[in-house]
Amino acid sequence: MKAKTDKIYHECGITGIISNTRINIPEKLFYPLFSLQHRGQESCGITYLKKKKLVTYKDLGMVSTVLSHYLSEEHPSKIGIGHVRYSTHGGNKLENAQPFMFSCNKGDIAIAHNGNISNSDRLRNELFQNGSIFQTTSDTELIMHLIARSSKPTFFDALLEILGMIEGAYSMVLIHDGSLYAIRDPSGFRPLVMGKNENITVFASETCALDILHAEYIREVKPGEILKMDSRGLKSFSFGAGSRHSHCIFELIYFARPDSTVFGHSVHLVRKKMGEMLAKADSTKADIACPVPDSGNSAALGYSTESCIPLEQGLTRNHYTGRTFIQPLPSQREFAVKMKLHPVRACIEGKSVILVDDSLVRGTTSKAIVKLLKDTGAGEVHFRLTAPEIKHPCYFGIDIPTKEELISNRLNPAEVAEYIGAESVIFLPIESLKKCVKNPDDFCFGCFTGEYSVVPGNADRSRKE
Amino acid sequence: MKAKTDKIYHECGITGIISNTRINIPEKLFYPLFSLQHRGQESCGITYLKKKKLVTYKDLGMVSTVLSHYLSEEHPSKIGIGHVRYSTHGGNKLENAQPFMFSCNKGDIAIAHNGNISNSDRLRNELFQNGSIFQTTSDTELIMHLIARSSKPTFFDALLEILGMIEGAYSMVLIHDGSLYAIRDPSGFRPLVMGKNENITVFASETCALDILHAEYIREVKPGEILKMDSRGLKSFSFGAGSRHSHCIFELIYFARPDSTVFGHSVHLVRKKMGEMLAKADSTKADIACPVPDSGNSAALGYSTESCIPLEQGLTRNHYTGRTFIQPLPSQREFAVKMKLHPVRACIEGKSVILVDDSLVRGTTSKAIVKLLKDTGAGEVHFRLTAPEIKHPCYFGIDIPTKEELISNRLNPAEVAEYIGAESVIFLPIESLKKCVKNPDDFCFGCFTGEYSVVPGNADRSRKE
Amino acid sequence: MKAKTDKIYHECGITGIISNTRINIPEKLFYPLFSLQHRGQESCGITYLKKKKLVTYKDLGMVSTVLSHYLSEEHPSKIGIGHVRYSTHGGNKLENAQPFMFSCNKGDIAIAHNGNISNSDRLRNELFQNGSIFQTTSDTELIMHLIARSSKPTFFDALLEILGMIEGAYSMVLIHDGSLYAIRDPSGFRPLVMGKNENITVFASETCALDILHAEYIREVKPGEILKMDSRGLKSFSFGAGSRHSHCIFELIYFARPDSTVFGHSVHLVRKKMGEMLAKADSTKADIACPVPDSGNSAALGYSTESCIPLEQGLTRNHYTGRTFIQPLPSQREFAVKMKLHPVRACIEGKSVILVDDSLVRGTTSKAIVKLLKDTGAGEVHFRLTAPEIKHPCYFGIDIPTKEELISNRLNPAEVAEYIGAESVIFLPIESLKKCVKNPDDFCFGCFTGEYSVVPGNADRSRKE
Amino acid sequence: MKAKTDKIYHECGITGIISNTRINIPEKLFYPLFSLQHRGQESCGITYLKKKKLVTYKDLGMVSTVLSHYLSEEHPSKIGIGHVRYSTHGGNKLENAQPFMFSCNKGDIAIAHNGNISNSDRLRNELFQNGSIFQTTSDTELIMHLIARSSKPTFFDALLEILGMIEGAYSMVLIHDGSLYAIRDPSGFRPLVMGKNENITVFASETCALDILHAEYIREVKPGEILKMDSRGLKSFSFGAGSRHSHCIFELIYFARPDSTVFGHSVHLVRKKMGEMLAKADSTKADIACPVPDSGNSAALGYSTESCIPLEQGLTRNHYTGRTFIQPLPSQREFAVKMKLHPVRACIEGKSVILVDDSLVRGTTSKAIVKLLKDTGAGEVHFRLTAPEIKHPCYFGIDIPTKEELISNRLNPAEVAEYIGAESVIFLPIESLKKCVKNPDDFCFGCFTGEYSVVPGNADRSRKE
C-alpha cells in the first residue's frame, strides 16, 4: 500500500474515555476513532473494562467496518481506549494492531500508543539478552516489557522509571487497575488533547474527536505530563523536565484534519496562512489557483486571497474510490490518480494554473497530476508546495522513504519541475513556514533540516538511512 | 436509504462500448461505470457479447465492489453495455438491476435504460390484457415486451414502432445482433453523449465517463435520434420530429459531476454562474461564504467572486462515511450530518455565514447543517440555494417526495428560514436560473413550475401526486 | 460443478406451507428446505404472502446460509412456498433460482417447480412467435407465460388449460389469491407429499421435510391431481385421466434421503432390498462388504445380510469437505475423492472387498475409489451397483450426460471392470430391481431401457441426444 | 459452542513438514491440517520459512476456508508447521490461535503445540515475578518464555532444560534455525507420528494426515523423544527417562479418526472391539443394533457381530449442518439433534433398539436422541456406551465439564437411563475396555478412575475442579 500512495504517513491516532457511571464505552469509542480515521486506515481496535476484565477487539480494516457493530450493542463500562493504525514498519499484520493488552506482575494493562521510540533497538536488545520474547515489531510491546521488568514495586513507579528510559515520540493512553492514563513525551512530538462533556472525560489525538462527542476542549496534555484519571478524579504528574518542545510540523502541514486544533493552532487557518506565505514568495502570473483536493484546499484559498489569482475547483475528488477497489488494480501511479482526481476541462483548458498541494515525496503522484492537467489542455502548470523540501528521515513516527527515494535529495526545484512536467515548482521556504506558527522554536523541522531536538541512537539512525 | 438522505434522486447512468477488434470489453465498461457512480449507487451491471452469446453480470452494490474483478480478468468481446442504478420506485431489489437481457422473436436483446416512461401504466395494462407477464416494476421490462409484441417483422422496425408509443424520458443503449444502439427520447430529458478513442466508440450519460477512457468527446446523441453502430460503421436515424426539447435542469443543478459537460454546458461553470446569480439577487452582508461540500462547491465560488464575500472552507467533508457504516445507525438526520460534515471552528465561530447549497427538499438535512454551524458558534447563517423552490412532481425519472413532504409547498422562504434555524433563506429565482443556460426554452423546469413539455397520462399523474 | 461430481443430478426440491392463522411462515419454510437440501445445493429461495403482497427472497447458496436469517426474524404470514435447486441446464445463474413471482392478467402468482417439461421447446417457440419474452431458460417461466396467455377468464380455468398442454414431469406448488396449490403431473414422475400438524398443512417433495416440522404424513398428492388449499379448506381436482404412472426409479436408487418415504416406499428399505438382490445375483467370495458412504450404506447392509459376507466400514466420509473448499481445487477426480473418502487400512489391507455403490455414470469417480482401495492394500475389489447400466437420456428432469459419455454405452461390465481397475463389476439386473418395488409398472426405467411412458417431442429429443 | 455440543473436546492437531528441496510448503501443509480438522475446528494456521524469515498465517475458521488460498499460490520453502485448534480454556480468541512465532535471544522460533501443561500455573507465576508479560492464556506462550529465559547458551540446551521443567501433555513441533523439531512428552499422552514420501518428512498427530500426502507411516515419535530434522538428516534425543506411559484412551474411544493408527492401534478396529466387548457384557434382546453416526459406527458393527442382533442404519446424519447455520439458532439440544440426525421410520417403528454411542457427558444430547427415536415409534431404546462412566477431570488437554455437570457423578446407570428416557444404559466396564488395547498399563484412564500417572500441582487441580 505504501508504494501506491506516495504520501508520507503517520503511525496512529489514539483515544481514551472515562466516565463516573457505567455507560456504553465501546459505542462511545467508535465516534472519536471514526473521527481519527485519517490518522490510520489499516487496523483499528478498542479495549474496555468489563466487570474488572479488560476486553479487546481489533481487526484489519476501517472503523466503520470493524467497529460499527458496537453501535447497536450494549457493553456497560466506565473506561476504555482505542486506536487507529497505519503501519510504518512491521507490515500490515494483525499482530501489530492496537490496543495491546497484557498481564504481568504489575497487573493487567492495556496500551494504545502513537509515535516512535527512537532508542527502541537498544532497549529491545537489552530485553532480548534478559530473556524477553517479542511477538511483534511494535514499540508498544517494548513498553509492555519494560513495565513488567521494572524492579519498582508499583505500576506507577515502574511507569515513571520507564518514561525515563525511552526516548522519542510517544503520546499514549493506558488502562491499569481502573485508572485511565494519558501520557505525552517531554518533547510533545505528537498531539494529545483532553475534552469533557457532562458525562465523560475524553483524550484524543485531535480535537475533531472531541467535537463528535460534543465534548468541550479543555486543554492539551502537556509535554512530559502524565494525567491519571479515575473515580477519585484527575491527577497530573510531570517528568522529563527541561526538554525542548518538538511538535511535529507535519501535523499542521498534512496529517491533522483541517477542522482540528493541534498544538494550539487551527489546522485550517495555519494551512491558509501557508498558502498566503507561498503567494508572497511568488510573483508568477496565472489564470487560476487550484488546490489538489483535499490536502491543498486550505492553502489554495490562502494563496488565492493573497495573490488575487482567482480560486478554481479545477480538480474534483472522487468519493467512491474505496480501498476494496484500489487493491486489485495495477499499481500505476497515473491510473490511481485518474481514478481519484478528475479535472474540470472548462476551468483548465488553455489556462495557466497555480496548483497548490502539501508536499512532494518521490514526485510520482505529482507527475501524474501534472500530466492529467496537461492532457486536459492546461497551458502552464506551476506547482506550489506548503512543505519545504523533504530531505531527511524522521525518527519520531513518520514514514518517510529512504534518502535516495526523496526527490529533493536528488533534484533542485527546477529539476523537479522538469521531472514532474511542470513549468515551475516552488516549495515554501522554511523561514516562511516558521512564520505560520506562533512559537516556531517549539516545533520539529527535522525532515527539512536534518536537525532534531532528540538525537537518536546510532543503531536506529543507520537502520533508517 | 431514501429517507436517510433528504436529496432528490436520479434513476441511473448508462454506457455502451463498441470496438472493431476484440478487446476486454468488461474491463473497459468498468471505467465509465465507475465514473457514473454518482448517478446510482444501489446496483450495477454489464452485458457483453461473448462468442455470439449475451452475458450479463449484475448485483447490488457499488461498481468498485461488484465489477472490480473484471479488472483482472480477460473477456474478449467487441460490444457491451453497462448500468448504474438508484431505485426511484420498485425498492432495492436485485430483480430491478440492469442491464436486462431477453430472448424473443426479434432475437436476443440487452437493454440499459435511464429515465422514466410517463405513460407506462397505460402500456403495462394493455400488455397485461394481452397476456404479458411482469417480473419487475422496471420500465425496461415494458420496453422489452413492446419490442417482442410488435407485429413489425424486424427488430429495427419494431424499435421504431415502439419509440412512437412510449412517452417520457428514455436515454438508452441496446445490443441486438452485433449492433450497439444508443437512443435518446425526442425531448432529450436525460443526457447521452458519444466519444471515441483510437480503438473504441463509447456512449455514456456524461462526458466524465469518456474522459476516464481517454475518449474524445464527439457530440451528444440528439433528442429523437437512434445511433446504430456495428462493424459496418455508424448510422443515424431520427424519430419523434417536432418535439420540444426538455433537458432536465436538475442535471446541471445537482445530478451531473462538475467535471462533465452536459447538454453542451460545463456543469462546474453553470453552477458557478448560479452562485453569481444568487449573489446578484442578494445584498446580505456576511463575513464568509461557505459551501456545503461537495454539492455547493462550484456555486459558492461564484457567489464569493460576485459578492466579494471571502470564500471559506467552513465545513469539511468526511471521506470515510461508507454505506456499510451508515446502515446500522439510528436514522437521525442530525447524526448522519455530523458523521459526514465537520465544521471548522476557527472559520465559523462568531462569524456571519452565507451557506451555499444546491436545493431544499424536506429541509431536514439543512436544519441539521444549520444547527451544526450554530453549535460551533456561527453568529448568523444565511442559506442560499441554487435551485428555485421545488413544488411539483417529476414524471421523467427524478425521485421527488410527495407534494406534502416538499417544504416549499408548506412554507414560504421566511418560514423555511425559521424552520431550519437560519437567519434567512434565498432560493435562486427561476428567471435568474434561466440566465445560466444558453437556451432556457430547451430545458424542463417542471418541478419548479408544474409545467411539463410532455403531458403525462392521468393515471400516472394521480399515482404520483 | 457438474464435471466435478460424476453423479447424475436432480433438478429440485419444493415445499409449500399454509396456516389458518398468521405464523412466521419464512421461518417455517426454512426447515423443510433444509431437509430437502440434498435435492439441490445451488440456489434456494422462498415466496410468502405479506399483507396481500408476495415477497420473494432467493440467492445462490445453501439453505443454511441463504435463509438462516429467517430463524431470528418475524414475518407473520399464512402462506408460503420454497425451493432448492440444482441446475440441469441453464447454468448456475441467479436468474434461474426459484420461486418465480410474476404479475399478469390472472393476478399475482408465485411458482416453485420440480421436473422438466418435455415439450417445452415447442411451447416456447409458439410463445416466441406470439411475442413473449424469455429472461431465463427455466420451464417455470414457460408455465408463467402459458397462464398469462390463456384466454380462459379465471386463473383456475387457465391452470387447467395449460396442464393439458404441458407434458413431462412437473410437481409444483403455487400461490395465487390467498390459495396454495400443489400439483403433480399425471404420470407422477416426481414425488410430492402432504402432511399436517396441529397448525399447518405442508406439501413437500419428500416426507423427511414433514418430519422436521413434526408434521404427520397424510398422503401423496396423486398423479394428475390439483390440491387447492385456503381458508375455506382443501379441495382436490383431477386432470390427465388415463395416464400411465411413471415414478422415477432413481428417486429410490439415489436421489431421496434414506429416511424418506417416497412413492409409498421406505427409501432405506428399498435400497437394502436392492443390496439383497445384488447379493442373490452374485456368488463372489470376499472378505468384507463395504459401502461407498453414504449413498451405498443401505444397500451394503442388505448385501452383507444376504451374502453373509461381513459388513465393514472400510471407507469413511469426511464431514469437512464444504463447497467453498472444493472450488479452488484442481478438478481432478482422484484428488476430490481423496479429500472426501478415507480408507481404513486395517480393514482393507490384504482383503478382498465387495464395494457397494448406487450407480456408474462416466466411471471416473469409481475408478478413483478403486485406486484408493488398491493403494491402501486391498487384494481384490468387486464393484456392485444397485442401478442397472445407464444407457439413455432422461427427459423428465434428471441430468444425465450425453450417450457418448455414459460408460455403459461404450463398455460391457467386464470392460468397465478393467477400466475402473476392479476385479469385477456387477450391475443389478433390471428384473431384480423391479422386484424391489411393489408395482414396478408404475415406475419409469427409461434411462436403463430407453422406453418412456411419455414420448417427448422430436425437437427435445434431438437436443438431448 | 461448547455448551451446544455436549461432547468432550480435544485441544488440537499439529503437523510439521520438511523437505530437502524447495517445495510449496504452505500447500503441502493444507492437506494434513485438513485431515486433522476433527481435532479442532475453531482456528487454524501455518508457519513456514520463507527466505530465512518465518511467516505465519492463521485465523478463526476451518482449514477449507482459512487456508484454501494456499492451494493456488506458490510459496517455495523447505520447512513448515501447522495447527488446528479447539479451545479448551481461553475463549475463541484469535490471539490463542497457533502456531506462535517469536524472537528471543535464542533466535526466531515457531511452535505448534497439542496438550496441556499441568504445572503451568506455577511456572507462569514464577515468570510473572521475573517480569514476563503474557498476552494470551496459551501454554505455548509459557513454553516460549521458558526458552527465552533459560540461561543455557544454545537453543537446544535451553529446550532440554525446559522439557525438564514442564509437566503434562505436550506433543509439539518447532522450527528453529532451519531445523524442524518434533517432541513428545515422556508420558506420551498425545499421539505424534512420522511419515515419509519420496520428497518430504511429515510429522502429524494422526496417520490419516500422512495418508493424504501419500506419505508412508514410519513410526511414532516416542514418548520423551526429541526428533530434530534438517538438511543434515534426522537426529533423535531422549529426555524424561523412566516415566510411565500414559496414552490418552479417549483418543481411541472418540477423538481420532477411525482410519488413523494411533498408539499403534487401528482406531476403527479398537472401536469395533469395544462394541464386541459391550455385547459380551450384555444379554439384552433387541430387534436391531443401531449406531449414533458417525462416532458409534465402528462399535455398532462390533456389537452387531458379537450379539447377532442385526445392524441397522436407523439414524442418518445430515451433511449440510454447517457451523454458519448452527450459530443463529436457539441453543436447544433437542433442536440441534434434529437438524443433524434423522431417524429412518421404517427401521425404527415398533422395534426394540440397541443404540451404540461413544460416551455420556452431561446426558443432554443422548436424551434428545432417545426422544427422537421414541417419537419415531421405537419400542425400546437400550443405550450402550464404549466409554466407562466419566467422573473425573483431565489435566492433559481434554475439556471435561465440572464434576457437578458430569451425569455419572450424580446418577447411577439405572438413573441415567431414566433421565435420558431409555429402557437401559450400559457403560463398557473399564476392565473390558482395557482388553481392547494391547498394553493397557501404557494408557491413562484418569477421567474414569481419578488416577493419573502425572500428579498435577495443587493450584491447577483446584482451578479445574
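For clarity, chains are labelled A, B, C and D in written order, and residue numbers in each chain start from 1.
The rule is simple: contacts are C-beta pairs under 8 Å (C-beta built on N, C-alpha and C of every residue); 3 or more make two chains touch, one makes a residue touch a chain.
Keep in mind the model is a prediction, meaning the values are calculated, not measured.
*Asks:* Can you name the chain that lies farthest from subunit B, using the mean of each chain's Cα atoms as its centre?
*Replies:* Comparing chain centres, D lies farthest from subunit B.
*Asks:* Taking each chain's centre as the mean of its CA atoms, how far is subunit C from subunit D in angstrom?
*Replies:* Their C-alpha centroids are separated by 38 Å.
*Asks:* Please work out the Cα centroid separation of subunit A and subunit C, and write it as a whole number of Å.
*Replies:* Once rounded, the distance between the two centres reads 61 Å.
*Asks:* Approximately how many whole Å separate the CA-defined centres of subunit B and subunit C?
*Replies:* 47
*Asks:* Taking each residue of subunit C in turn, which ones touch at least two of the other chains?
*Replies:* none
*Asks:* Go ahead and list every pair of chains that touch.
*Replies:* Chain pairs that touch: A-B, A-D, B-C, C-D.
*Asks:* For subunit A, which residues are in contact with subunit B within the complex?
*Replies:* Going through subunit A, the ones touching subunit B are 34-35, 37-38, 41, 62-65, 68-69, 71-72, 208, 211-212, 257-259, 261, 266, 268-269, 294, 297-298, 301, 305, 310-313, 316-317, 319-322, 324-325, 328-329, 338-339, 342-347, 375-376.
*Asks:* Considering the complex alone, what residue numbers of subunit C touch subunit B?
*Replies:* Residue positions touching the partner: 94, 100-105, 128-129, 131-135, 144-145, 147-150.
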